[in-house]
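Shared between the two complexes below is chain A, which has chain B as its partner in the first and chain C in the second.
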Partner chain A sequence: NKQTIFTPEQLDAYQDCTFFTRKEILRLFYRYRDLAPQLVPLDYTDKPDVTLPYELIGSMPELKDNPFRQRIAEVFSEDGDGNMTLDDFLDMFSVLSEMAPRDLKAYYAFKIYDFNNDDYICKSDLEKTVNKLTRNELTPEEVSLVCEKVIYEADLDNDGKLSLEDFQHMIIRAPDFLSTFHIRI
Partner chain B sequence: FQGFAQYSVLFYGYYNNQRTIGWLKFRMPLSYFLVGVGTIGYSFMIVIRTMARNANEEGGGDDTSFNFSWKMFTSWDYLIGNPETADNKFASITTSFKEAIVEEQESRKEENIHLTRFLRVLANFLALCTLAGSGYLIFFVVRRSQKFALEGLENYGWWERNEVNMVMSLLGMFCPTLFDVISSLENYHPRIALRWQLGRIFALFLGNLYTFIIALMDEINLKASYLPLFTIFNIYQGKDLEEEKIVKYNMTIWEASLYNGTIPENSTAPPIHVDPADVPRGPCWETMVGQEFVRLTVSDTMTTYITILIGDFLRAVFVRFFNYCWCWDLEYGFPSYSEFDISGNVLGLIFNQGMIWMGSFYAPCLPAINVFRLHTSMYLQCWAVMCCNVPQERVFKASRSNNFYMAMLLFILFLSTLPAVYTIVSIPPSFDCGPFSGKTRMFEVISETLEHDFPSWFGKVFGYASNPGLILPFILLMVLSIYYLNATSKSYKEANLELKKKLQSVRNR
Partner chain C sequence: IFHVFYAEEKLVGNLASMSTHERIKAIQKMPETMKKKREIRNKVLKEITKKSGRHSTQRGCCTQCLRRTEVSFRRFRNSLSEYVHLLRLWHKTLKIIGGEFGTSVLSYFIFLKWLLNFNIFSFLINFSFITIPQFVAAEPNNLSFTGLELLTGAGYFQQTVLYYGFYTNATIGKMENGTSYNMQLAYIFTVGIYFVICFLILLFSMAKSFCRNFINPQTYSGNASKLLCTWDFNITNEKAVKLKQKNLSTQIKEDLTEVNKEVLNFSITERVVRILIHLGSWVASLGTAVAACAGVYFLSINNLELFMEGRKNDLEREAAMLVLPIVASLLNVLIPFFYSWLGNLEKFQNPRNKIYVTIARNIILKISIIGILCYYWLNIVSASESQCWETLIGQDIYRLVLVDFIFCLLGSFFGEFLRRIIGTTVYVSLGVPEFDIGRNVLDLIYAQTLTWIGILFSPLLPGIQMISFSIVFYVKKVSLMKNCQPPRKVWRAAQMTTFFMFLLFFPSLAGVLSVIAVTVWRLKPSKECGPFRGLSSMYAAVSEWIKILENYIGSKWVVWIYNNLITSELFFFILSVLLLITTYLYWQIIEGRKTMVKLLRKQIVN
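Here is the complex of A and B:
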C-alpha cells in the first residue's frame, strides 16, 4: 500500500473526480509516464506542471486508429491544443470508461463533434465528421445529403444546427451509443 | 459406396431389428424411429422460432427516426486499436452510408406509375412464358428419351443417352440469367428484386421437376420398361433438386420391384457373431436410397466446386490476362469479373439442406458428411470471393430479408419430410435389413412399445385420444385460433404505425 507518487489527499481527490479506483489511477499514471519517462517525474506530491505534447498522446495504441483522436485530446486538454497534463489524461479516460453515465458521455461527445467550438454542431462540423468517418470516400453531393438529413432528423428548434439539447435528445435514444463511445485502458 | 461401406454405420441396413440390445435393453428400433422423427420436429421448431424472433426484431428495431444521425455519431467503435480492423470499419461505415443514401434517393424519386406497372406486368408475363417453355421442353425431351429407351440405348450416341440430364442442367444454368435480364425491366429496389429472382428460380426448379415426374407417370404403370428407366436414373448425376424427386421416384420403383419379383433369399441369422458384411441379406431398398442420397451430396459438392473454379476463377484469370490483347475492354464490358451471386448461393444452401433432411432417415451419417462439406466449401468460397468477385453495384443489406429465406427453408423442410413420412406410413420395410424389418409398417414400432412397455391404461388413453371425433374439433380450434391471432397482430401493427405518425407530426410542429 506504500506508494510515494501521490499524497493520500491527492489520491482521494482523484478517486472523487474520476470513476477509477486507487489501483487504476496508479496504473494510469504509469501509462502516462511511459509515454515520456524523461518528462514525467515519479513524485507528484508537489503538483509539478508537466504537460505532454499531443503527438505523444495521439500515438497511444488506444487512440492511434481513432479518426477523432485530435478532437478528443483538444476537448480534454486545458490549453485546447491537445497537450495534456495528468489531470486531463485521467479525466479523458474516466469519461470514456464504461462507468461514466450516459449524460456525461453525451455532453463530451457533443464537444468532440463540435469542431469549431461554437457550442453548436453546424453543417460544416457535420461535413468534417462524415469525411473523417468515411476517409473522404463520399462525393460532395452525398456528404451534403447526409448532413441535411441529420439536421432534418435531429434539429428540434429549427435553427439549422444542433444545439446540446438537440444532440442529447437524439443520442440518448441510440442503442449503440454507450457501447461504441467507450475506451478501455 | 457399394461394398464395405454399405454395411457400415453410414447406412440404414446396418441396424438390426432386435427389440433390445445389450444389457441396457436399449431399444434400437424405437430409438432409430424416434430420433428420425425428433430431428425433423426439432428442425421445424428451430426454423419457426427463428422466424418469430426475426419478426420481432424487424418490428421493434424499425425506428428510423434518427437513422442518419445515429449512423454518423455512433458508428465508430472507439475500442478499435488495430489498423486492419480500422480499415474494415471505415469501409463498412462507407458502405452503410451509401446504402442509406440510396434508400433515401429511392424514396424521393417520383415515378411514372403507369409505365412502371406496365413494365412489371410485361416482365412477369415474360417470366411465365419462360417457365412454361422450359416445362414443355422437358416434357418433350422426356417423351423422346422414353422412345429411345424402347428402341434400345445402344443405337444412339452420347447426347441422346444423356439428353434429359443435359437439358435439365442447361435450363438450370441459363434460365436464371434470363430472369436476371427480365428483372431489369422491373426497376425494383435490389432487395425486392432479389426476392423476385429467388422466387422465380425456385418456381423454375419445381416446375421442371413436376413436369419431369408427370411425364414419367405412365412409366410406373408399365413396369416392363422399368429397367431402362432405372439405368437412365443412374446416369443423372447432374444438378440439385431434380435429384431429390428422382430418388423419391427411385423408392417407389423399388417398392414396385419388391412386389414384382425378387423373393429375398433365405437369410439365416446365425447365433454366432458374424461380421455384418458376411451375413447374407435380402435386397434392401432403404440402403439403396441412402446410397443414392450420399452419392447425390457428393456429386453436388463436386459440381459446386467445379462451377466456382471454372465460372469464377478461370473467368477472372481470363479477363485479367487477356485484357491487354483484346479488342474491347474486358473489365467493363462482357464478360468482366463475375458479381457475387447472392441468390444462387442461397438457393444452393437451401436445396442442399433439403437433400440432407430427406436423406438422413436412410443414411444416418449424412449430416456428418454434410458438415464436413460445408466447412470446406466455406473456405473455398471465401477465397474465391476475395480473389475473383466484385461486389454488386447497388449496395444493399441482404441480411434484412432474413425472414424470407427462413420461409423458403421452412417450405423445403416440409417438402423433404413428405417422402420420408410417406414411406413410414405406407411402404413396408425391407424383409431383412434395418431396424424395422419384419414389420408391415414402420410406425408399428410405436404401437408395439405401447403394448409391451407402458401400463395398460396408457394404451386405453391413447386409443381414446386418437378417436377422429376428438381430433377434428381440435383441428378446427387450431384453425380458429390462428385466424384470431393473425387478425390481432395486424391490428397491433396498424396501431403502431398510427402512433409513429403522430409522434412525427408532434415533433415537426
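Here is the complex of A and C:
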C-alpha cells in the first residue's frame, strides 16, 4: 500500500480507465520500466513525458514474434509511429486483456488491420493482412482470390471495402475472437 | 468543432447521471486514448461535485450515509478482487502453454484448473462441517494398516473419517455452555447446501459462457471470419508462430481448391450405401456400449457375491476387488479407439461432423457405464445383507477414482510418449501426435461425476480428487511440451468450452442430483453404522427435527415454512406453472427479435 510511483489520484484514474487492478497496474509499470531502466523514472507523480521507441516495445517477449506487432504499436501509440508512453502501454494491454468487451476489441482489431488508416479495410489492406498471416507463402493470384472472397462474404453495403460495421458484424459470427484477440501479460 | 464539443458535453452529462459502477464500466469501454478518457473522467467528477454541492442542503444525512457506505463497499470489493488475483495459480505455466500451442489446447488446461478450484472448495466445505466435528467424537481404530489399503480403500480405512460408516449419529455436545452439534443434521444439510451451491455456480458459469460465445447461433463460418478473426494473439513462440502461419496457408490453399468441388451429387445407390454404413457404425457403437455395460454389471454382481462370502483370506479378496475398476477403466480407454477407427471408416463429408459424432459416442459410452454402476449400487448393494452398504459403495467409488487416475497417467505415457517415439523413429510417416482435447476433457468430466456421486458416501473424496487433478495437470503439461505438436485444424475453442460446461451441468450434475435424491429419500440406511443408523430414510432426520421444533414457540415460522412450502405439492405446482409461463414469454420475445434482426439486415443490404 505504500508505493511512491504514482499519487493515489493517478492510480484511481488508471483503475477507472483500464480493466486492471492497482497491483496489476504497478506490475505493468515495472514491465514498462524493465524495457529501458535508464529512460523511465521511478517517480511518475509529476507526470514526466517519457516515450519508449518502437524497437524496445517490439522486442517484448509477448510481441516479438507476433506478425502484427508493428501495427499494434502504431495503433496504440500517440504519435502513430509505434513509440509508446506509459499511458499508451497500459491502454494497449488493457484492450488486449481478457476483461475487455467484444466491441472494444473489434474496434481496435479493425484499426490494426486497416493499414492505410482510412477507416476502411480495402483490398490492399486485406492483401497485406493475408501476406502477414501466411508469411508470403501464397502466390499473388491466390492472395487476390482470397481477398475477393472475403470482401464478397463480409461486405454488406456493397461498396467494395469493409467498414467498421461490416467488420463488427463479421466478428459476431466468430465466437473465438474474444479468446484469440488476447495477450496475457 | 462545435458539434464535437457539444457531443462531449452530452456525454459528460450522461455519465454524471449514472451510478458509480455503471459510470466506471462506461468509461472503461470507451474506444479512446487514455489521455482522452482521463480528461472525460475528470470533467465528469467535477460535474458530480458541482451537482452534489448544489443539492447538499436538500439531501438528508440518510443519503449521505448511503453514499459513504457505497464508496467504502466499492473500495472493499476492489481490494478483495486484488487478493483473489494474487491466488492465480499457474499463471506463468498457462502463459507458456498458450504461447506454444494456442488457445484451443489452453482451454483444456483452464477447464482443469477450474475443476481443481471447484474440488478445493468442496473439500473445504465437507472437511470443516463434517469431518472436523467427527474428529472430536472419534472412536478408536482397532484395525491394522497394511500398504494395500491405499489401493483398495478397505481394511484400515474402513474405520476412518474417509467413509460414511464411521460418522456418529450422536449429538456432539460441548462441555458447559450446552451448545451441541447435531451430526445427522450437519451431514444432510452440508451435502444438500453444497449441491445447491454447485448447481448455482454451474448454472451461472454456463449462462455466462453461452452469452459470450453463442450470440448468433445461426453461424456459418465463412472463410472471411476464419481469416481475420482467428489469428491467435496468444501464441508467442517463434516456432509455433511459423507453424501456425504454415498451417493457415495450407488451409487457405485447400479451401481455394475445394471451391470447385462443393457441389457433389451422389447417385441413389451411393447415397443408400452411405446411409447404411452410418447406420451400421451407430449400431456397432451402441452395441459395444451395451456389451460393456453388461460386462460391468455381471462383474459387479460377482464382486458382491465374493465380498458376501466372507472368505477369510483378506489379501486375495481385496485384490479381487480391484478387478472391477480395472476392467471399467480399460473399457473407458480402449473403446474410444474403436470409435475413432469407426469414424475413419465412415468417410464423413464434413470433417467436423466426424469429431462431433465421435464425441457423442464417447459420451454415450461413459454415461451408460456410470448409469449401470449407479443402478447396481442403488438397487443391489443397498438391499444386500452386508453390515454397512454405504461404506461398500464408498470403497467402490474410491477404487474407481484411483484406478481411473492411474490409467490417465498411463494413457499419457502410452498415448503420447510412446507414440512420439514410434512416430519419429519407426514409422516416421505417422509423425508427432497432437493433443486430443475432446478425449481428455471427457475423462475429466467422468472423474468429476464419480467424485460428485461419491461425496455422500465418502466425504473426503474431493480431497483425493484435488491431489489427483494437480498431479494430472503437471503430467499433462510435461507430456504436452515434450511429446505433442500444436493442433493443425482450427478447433473452435470457445464453442467447445461452452459445450463441455453444458455437459458438466446437464448429464453430469443432473444425473448426480437424481442419484443423491433417490439415496436420500428412498433407500433405508444401514442399521449399525453411519449418522443415519436406525432411521427409515436419510430424509427422516429432517422430518424428525421439524417435529422436535414444533414444541418450541420461537421456531414456529420454520415449521410453517417446512409444512407449507417445502413439503406441499401445491406450492411446487404453482412455481412450475409460473416458470413455464415466463419461459414461454421469453421465447416469444426472442422470436420477435429474430424477425426484427432479419428486417434490419435487409435494410442494410438494400
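We adopt the following convention: the second predicted complex is superposed on the first by the 185 of 185 C-alpha atoms of A that agree within 3 Å, B and C clash if a C-alpha of one lies under 4 Å from a C-alpha of the other, contacts with A are read in each partner's own complex, and residues count from 1 in each chain.
Operating definition for what follows: a contact is a pair of C-beta atoms (placed from the backbone, for glycine too) under 8 Å apart; a residue touches a chain by one contact, two chains touch by 3 or more.
The structure displayed is predicted, hence computed values, not measured ones.
J.: After lining both complexes up on chain A, report clash or fit for chain B versus chain C.
T.: clash
J.: Touch test for A:K2: chain B only (first), chain C only (second), both, or neither?
T.: A:K2 contacts neither chain B nor chain C.
J.: Touch check for A:V150: first (chain B), second (chain C), both, or neither?
T.: A:V150 sits against chain B and chain C alike.
J.: For A:I171 in the superposed arrangement: first (chain B), second (chain C), both or neither?
T.: Both partners.
J.: When both complexes are superposed, which of chain B and chain C contacts more residues belonging to chain A?
T.: C
J.: Thinking of the overlay built on chain A, is A:T18 touched by chain B (first), by chain C (second), by both, or by neither?
T.: Only chain C is touched by A:T18; chain B is not.
J.: Per the contact definition in the header, classify A:D103: touching chain B only (first), chain C only (second), both, or neither.
T.: Only chain C is touched by A:D103; chain B is not.
J.: Determine, for the stretches 164-172, 398-406, 434-442 or 470-478 of chain B, which one clashes with chain C when the structures are superposed.
T.: That would be 398-406, the only stretch with clashing C-alpha atoms.
J.: Both chain B and chain C contact which residues of chain A?
T.: Touching chain B in the first complex and chain C in the second, residues 61-62, 64-68, 96, 109, 113, 129-130, 133-135, 137-138, 142, 145-146, 149-150, 153-154, 156, 170-171, 173-174, 176-177, 179-184 of chain A appear in both lists.
J.: What residues on chain C touch chain A, complex-wise?
T.: 24, 27-29, 31, 33-35, 37-38, 41-42, 78, 81-82, 85-86, 91, 94-95, 98, 103, 107, 212-216, 219-238, 241-242, 245-246, 248-249, 252-253, 256, 490, 492-495, 601, 604-605
J.: List the residues on chain B that touch chain A in their complex, please.
T.: Within the complex, chain B contacts chain A at residues 63, 65-70, 72-83, 85-86, 90, 93-94, 97-98, 100-101, 104, 507.
J.: Any idea which chain A residues touch chain C in the complex?
T.: Residues in contact with chain C: 13, 15-19, 21-24, 61-68, 78, 87-88, 90-91, 94, 96, 101-104, 107-109, 113, 129-130, 133-135, 137-138, 142, 145-146, 149-150, 153-154, 156-158, 165, 167, 170-184.
J.: Can you list the chain A residues touching chain B in their complex?
T.: Within the complex, chain A touches chain B at residues 61-62, 64-68, 96, 109, 113, 126, 129-130, 133-135, 137-138, 142, 145-146, 149-150, 153-154, 156, 170-171, 173-174, 176-177, 179-184.
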